[in-house]
Amino acid sequence: MSTPTVEKDKSGRQFKVKDMSQADFGRLEIDLAEAEMPGLMACRTEFGSQQPFKGTRVAGSLHMTVQTAVLIETMTALGAEVRWCSCNIFSTQDHAAAAVARDTAAVFAWKGETLEEYWWCTEQCLAWPDGSGPQLLIDDGGDATLLIHEGVKAEEVYAKDKTLPDPSSTDNPEFKIVLGLIRDGLSKDSQKWTKLAKNLVGVSEETTTGVKRLYDMQTAGTLLIPAINVNDSVTKSKFDNNYGCRHSLPDGLMRATDIMIAGKSVFVAGYGDVGKGCAASMKAAGARVTVAEIDPICALQACMEGFTVAPMEDVLATTDIFITTTGNKDIIMAKDMSKMKNNAIIGNIGHFDNEIDMAGLIAWQGIKRQNIKPQCDRFIFPDGHGVIVLAEGRLLNLGCATGHPSFVMSCSFTNQVIAQLELWNERNSGRYEKKVYVLPKHLDEKVAALHLPKLNAKLTKLTKDQASYINVPATGPFKPAHYRY
Amino acid sequence: MSTPTVEKDKSGRQFKVKDMSQADFGRLEIDLAEAEMPGLMACRTEFGSQQPFKGTRVAGSLHMTVQTAVLIETMTALGAEVRWCSCNIFSTQDHAAAAVARDTAAVFAWKGETLEEYWWCTEQCLAWPDGSGPQLLIDDGGDATLLIHEGVKAEEVYAKDKTLPDPSSTDNPEFKIVLGLIRDGLSKDSQKWTKLAKNLVGVSEETTTGVKRLYDMQTAGTLLIPAINVNDSVTKSKFDNNYGCRHSLPDGLMRATDIMIAGKSVFVAGYGDVGKGCAASMKAAGARVTVAEIDPICALQACMEGFTVAPMEDVLATTDIFITTTGNKDIIMAKDMSKMKNNAIIGNIGHFDNEIDMAGLIAWQGIKRQNIKPQCDRFIFPDGHGVIVLAEGRLLNLGCATGHPSFVMSCSFTNQVIAQLELWNERNSGRYEKKVYVLPKHLDEKVAALHLPKLNAKLTKLTKDQASYINVPATGPFKPAHYRY
Amino acid sequence: MSTPTVEKDKSGRQFKVKDMSQADFGRLEIDLAEAEMPGLMACRTEFGSQQPFKGTRVAGSLHMTVQTAVLIETMTALGAEVRWCSCNIFSTQDHAAAAVARDTAAVFAWKGETLEEYWWCTEQCLAWPDGSGPQLLIDDGGDATLLIHEGVKAEEVYAKDKTLPDPSSTDNPEFKIVLGLIRDGLSKDSQKWTKLAKNLVGVSEETTTGVKRLYDMQTAGTLLIPAINVNDSVTKSKFDNNYGCRHSLPDGLMRATDIMIAGKSVFVAGYGDVGKGCAASMKAAGARVTVAEIDPICALQACMEGFTVAPMEDVLATTDIFITTTGNKDIIMAKDMSKMKNNAIIGNIGHFDNEIDMAGLIAWQGIKRQNIKPQCDRFIFPDGHGVIVLAEGRLLNLGCATGHPSFVMSCSFTNQVIAQLELWNERNSGRYEKKVYVLPKHLDEKVAALHLPKLNAKLTKLTKDQASYINVPATGPFKPAHYRY
Amino acid sequence: MSTPTVEKDKSGRQFKVKDMSQADFGRLEIDLAEAEMPGLMACRTEFGSQQPFKGTRVAGSLHMTVQTAVLIETMTALGAEVRWCSCNIFSTQDHAAAAVARDTAAVFAWKGETLEEYWWCTEQCLAWPDGSGPQLLIDDGGDATLLIHEGVKAEEVYAKDKTLPDPSSTDNPEFKIVLGLIRDGLSKDSQKWTKLAKNLVGVSEETTTGVKRLYDMQTAGTLLIPAINVNDSVTKSKFDNNYGCRHSLPDGLMRATDIMIAGKSVFVAGYGDVGKGCAASMKAAGARVTVAEIDPICALQACMEGFTVAPMEDVLATTDIFITTTGNKDIIMAKDMSKMKNNAIIGNIGHFDNEIDMAGLIAWQGIKRQNIKPQCDRFIFPDGHGVIVLAEGRLLNLGCATGHPSFVMSCSFTNQVIAQLELWNERNSGRYEKKVYVLPKHLDEKVAALHLPKLNAKLTKLTKDQASYINVPATGPFKPAHYRY
């Protein structure tokens, strides 16, 4: 691989996308998506004239899709200057990337990046041409946050004794690249990441995986910036994770394989918000579903919904479709796949690709790989049986379909805009320390309220008397913090 | 009404139930229920030989049903000396009350108590024949807790200036009775409630309504004892409230009215845990369901599940069945009922009977009441149309059917036993102050785990490596405190 | 057993019911049911003034429930003189029987008849005090039709050589009674059944089982009267059998056992219309369902709906609830029950009680029977495990609950009224020979149309042009005869 | 448009497809589909060695998809010489067409044919290079059958008085083309269609629409050949139409528009087998669904499943997604679309494109057409609101997705193979006259049985005694002819 080159448009704005000629098509789809994203459009209406982000530098690392384009353009409509990359090598929609790159923001993203290209894009996204970096960060999965934190850490070590990061110190192929990238940067500017972190007001993080990393850093005392955990807004985790996957799992399966789901046996690893949505969609489509869980509470919920609860071993030989949703690793190993039935389908809808042992599969003695179409491969074991792996073990809904639909992403992304507003408006107030925060409930409720009219839903109003009886303000928030929805 | 008289069995144990001859039938049903309550039976196995409650006085105010009998007998199996009343005038199952009164504990409860009888029973339940009171309290809705707190309050006032509580100071007919009862007691022993409260180690509270009262007292600084909020154990609120009602709402409707639910239009007020279970059951039975909500988040959840969200006014004239689940008051007023279609069915499944304006209905000029069968009345308006009100506006699933099934109550009640053990074991440790607590997550998970084998559900186990990757102990707890399930 | 005695009211109308004091309660419930039976009420409106059945003698053998009361009173509203018995020893609702006996027709039915009493009631139902018999017959399951045909057969044999029927010639305990009854009658009037059959214009038959008997007689050439197969009206078999059971199976299970269905494993034998409704209801309640089928087409339908399809042997030891719906015999044998888990629940919702081997169970060496409540028995095997059998193997929805709800029975019974009108109006036209007929499609559609307004359903109308394009009359019938719905 | 040219491969086999380079990809997908089409593969195993179609000329006009490729290659595996065209201008999958054209049969089909090209392809499909025509015909929708019948009719007229068909005699643009094509052929061979029809042994017809045409011809006495109605095999209409659409409607909607279905309001015109599948899938995905019906029986079924039943007018302004499934015409007119909300989505899943008034829409004064992507157009009315029309009003599941999945098509196509075998094996026996037949029930059951093992479904077997009790052969057929499943 040769390093990609940054391009520039007439105005001097940088970008690197697959094919600028798809910009018109991207724009059409963005126009349509706007009608399905009432929360974001309401933010433009409510805050646009005030330009709260006027001149603010905002970087984002989040699947560069049509829906994300509406998020980006909401941020720019509020005054921000935005740079963007994707947080997954397969999740970019090239027409959306082209439209945004042409019209609105600096985009570095295309479908099918190599890992090296992926981290190059991430680096570009964080590097303003004037040498500065972002003041705000929107992250998904925490890779951009990780790069900054690893950069600062390496610069601290280097400052002490000139030790450079050593890519050979890790087995993880992706982390090798990160270390190499930081190492190469150190020779040019040994304070790059330190300066960048200093100017960064905060990050809002989109997903479970990234949030876990943030809490781990908070616990370890290494978090360098305030962080808002958008994932755990109710209007995010209980909607995007659950209802989003309920939509996009069957979508991804159908586009990738055209398999009839009715009558099939499906195994879903994990019954969290994502697993709940996945299992529900497969049941609704007429499949028999077995759920695996480590947590007895989630397991009992699965029982109450009529699912069989059993470990994967019990159904390995009889299952047609395997889906991982755990956020954990090593869920389906190569050895497991070697025992599956012919043409078993395997897909991951958790954030990282280590739920499925792709490395072990590729390294299996005598294995043959048959590419059926993009994001759909059949691996044939020496005994002749094959398994069909979707999106190379990465998020199948983004790799094989178009991810979550606009409406549910509008819930998530409206939380993002509101979180960014919080971080920015409170940047000098000291309200947010270097910790992880969730949005206050009244903002969570506001996000929901912005999405009801589109669905013709009408709220009931509390009378004063009723509000006082249950001891809440008549306009909310309506629930105690511990309420689970 | 004349005051009921306490009866005694040969051993001298007190009771007052409807019909002791139903004890054998009650015992048969208790035997069957035990097989469906694996959590409680596991507590007997695990703790029985240690007799942790040996000689401990435990009072309970909680629907005196077959399932509660298994709870009571689990407490006695662990050594407790138990007195019991129901927390609802219609919810006692007389055969269960008889069996427990005959075999195990002092029971004061029957189906169809008057309000005066209800509070007499509550008082008996708290009054040991030796003049002492309970050391532990199990409450549901908080009436027993209220009586104690009001008693103490009145005694404090009385101690100052001999002022007696004045029943005429309140419009609430039930609170009038409470004040009268306390007033009458003051003349006999002006320290009764104060002494009782002093000896009380703590209370575990079963339901949303009672929990709200406890938090209000905590906020006001008036809570006299430590309290464990059992309702907000995940294995309680997300199971009993949701799946329990999903079962018992159609059960109650069918037993009371035999109406075909398929094809009908149903209105559900409230989409909390109870409302979610109710709406799901009606949809599953083939009804068209409209949900009313004040909270935009819950409203958006209802949308995602395919429900119409609208205020009651919009569907008043076209709805066949109205169900209230809010925990609030004044949900369906007499005026609303005057506009409903003929034979509209109205039922409440929230804790208190003030969700439906029974007083207004009964007082409606020219109304006629036609009793169809117990717990099922038709009120005929002067214009000739009638509405069918279930259980006089009280919990229809308990009034018209048998409440929640044993299995789901086993989840709730295992939490109760564990909460009582916590309060008792830590009575001298200072761990629990005069505040409201929820059970720690590992106990919540334990409750779930005890119920899986009965359903043939098998958990998956984390490897050490996986546990470390997601940073949880391999044996749990598996989720952060804010996790919503 | 002593033979029951016919009673008479002041008007001289005969009856035999359990308790006449329940008549008021029955009347109240009949009033309510009328509002849920729009098809029958529309028949009263449309045909009442013409009195098409004026003076016609109509006998019915069909579960004597509240809904049947509305059918009976629709027939009398159209002028008929009606006598009635139930077609199942447990299915009578005594309050409905009382109300009808008091107000409308000659009823011979009570809940919990012995088999001897059952056939005595059937005989009464067919015997007018003036010595005549019915001109029209409404039958359910074909027992009344059987009695007539067996009677005629015996009289023919007797006429030849004075041979009397011999009860000892059969092993079937019920058929023994039938033969005894006919034998005893022969001594009094050797032409009784022959005369009765001669005056009988026709029969309309309600259910699959009775219809099968009719077609068998048609094939054998022994059918003595024209018969209308009401069961196979779409508005009967696709509604009552399917949606009726979807309602009444969970109702019966809950009333009889209070068991939580969610999380349980349920086995449904048969996936015809009844089995489809049963399996759907159990799935909707959160159970895991296994279906057994002999017919590969129905089996494949079950697969498409997400059910496991397997023979009972495969799930015998793990299933919580067993339901038979086959219309066949010997589905669950005593040996099978001996291998079930403790407290497995067994119920039948097919017409006859021979789906479950009650005889074998009762005769099992060392078995103990524990009656829990009416229609609910636990049989304890010598090894200590017990099984819970509902309604002694008879229709559990009628034995343990109140059968199908009024609305769906209105569909079935409106077909009955229309069938009776057809038979009577065409009695002299020769239109109906001694064969089995189904109602023409336009009448089937009419039945459906009469039930739509109650559910606020509005039909769309074909334009002339559209009607001509699909080559049907604009007002129907809309489908070819072979259409399956 | 210039007329397409027939191409030839090395062996001389003719074809015309879009892109032969896609053949490898097509072959891969055909290989995968074979594993999902157990019925067809079982036919190859059972009949392949006998070569029942050895040398038989078979023409097919049926969506040229991957699944159809497996059908075609099953026919060739049984010895047939096959020519094929698609029955819809948008439904061809070009990679499947290429693979079959390269490896197996003469294919004339590509995605996006003009109407002229469509009928050219149909003509090629029927015209063997040696001047002969097909001996067997597989048709879907009846266009190939129509062409033959219209050809014969025109030749008869021409034979009388040399009158040529006059394209200007019809307003229907498609029928103009048919008449022109026949007219042009007459000048070359005035007996072409007559000879072709004479050599044709029979046709098996796939779908409701084509079957209706056949019955109309049978009634009119103009049917020239025996026809087997495959559509009304239970294993076709109750599976492909219902479960196929339940799968492919959401698939088409998601691929074309990425719209979130949950929370949306959906209107489904028609509640036949196709409408049932469509409505079920939308409900399962979380939409609120309104169904329109002309037939009161189907309307009442929709009510029982919880759907609102209302004419389109009632929901025109509030519906997000409109789906037509009627098989009738003029369901959604341009005027209706002018009143819809902005970005309402409109799709047809009935056979012909005249359910939606495309002509009226295109001709609307001032309308603008915005092509979003292939098969997805937005039509903008002068008032600024737009509607999104899928697949230009043609079958959206084939135009926007890949049609029905392999498994359910295996059911349909196994019926086709069995129907073709019947027609061919009985070609000289006189069993099939010039009428329309359905397959006997034992063959229908066989088709189902061939599909059960793939889903791990195990049948239960009747004992002799049970079979005799219900009076059916122990191996089936198990149901009377009128049974509706």
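Letters are used for the chains, namely A, B, C and D, taken in the order the chains are written, and counting of residues starts over at 1 for each.
Keep in mind that, in the parts below, a contact is a pair of C-beta atoms (placed from the backbone, for glycine too) under 8 Å apart; a residue touches a chain by one contact, two chains touch by 3 or more.
To keep track of the chains, here are their UniProt names: A, B, C, D = Adenosylhomocysteinase.
Since this is a predicted model, take the numbers as computed values, not measurements.
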item: Distance-maximising chain from chain C (Adenosylhomocysteinase) - centres being C-alpha averages; value: A
item: Between the pairs B-C and C-D, the one where more C-beta pairs touch; value: C-D
item: Distance from the mean Cα position of chain D (Adenosylhomocysteinase) to that of chain B (Adenosylhomocysteinase), given in whole angstrom; value: 58
item: Averaged-CA centre spacing for the pair chain D (Adenosylhomocysteinase) and chain C (Adenosylhomocysteinase), given as whole angstrom; value: 42
item: Of all residues in chain A (Adenosylhomocysteinase), the ones touching two or more other chains; value: 243, 262-263, 286, 300, 303-304, 308, 455
item: Chain B (Adenosylhomocysteinase) partner contacts - residues on chain C (Adenosylhomocysteinase) that touch it in the complex; value: 25, 28-29, 32-33, 35-36, 66, 243, 246-247, 250-251, 254-255, 257-265, 281, 284-286, 318, 342-343, 370, 372-373, 378, 388, 401-402, 404-408, 455-456
item: For the chain A (Adenosylhomocysteinase) and chain C (Adenosylhomocysteinase) complex, residues of the former touching the latter; value: 262-263, 283, 286-289, 300, 303-308
item: Of chain C (Adenosylhomocysteinase), residues touching chain D (Adenosylhomocysteinase) in the complex; value: 212, 215-216, 232, 234-235, 237-239, 243, 269, 292-304, 308-312, 314, 327-330, 411, 438, 444-446, 448-449, 451-452, 455, 457-463, 465-466, 469-471, 476, 478-480, 482, 484-485
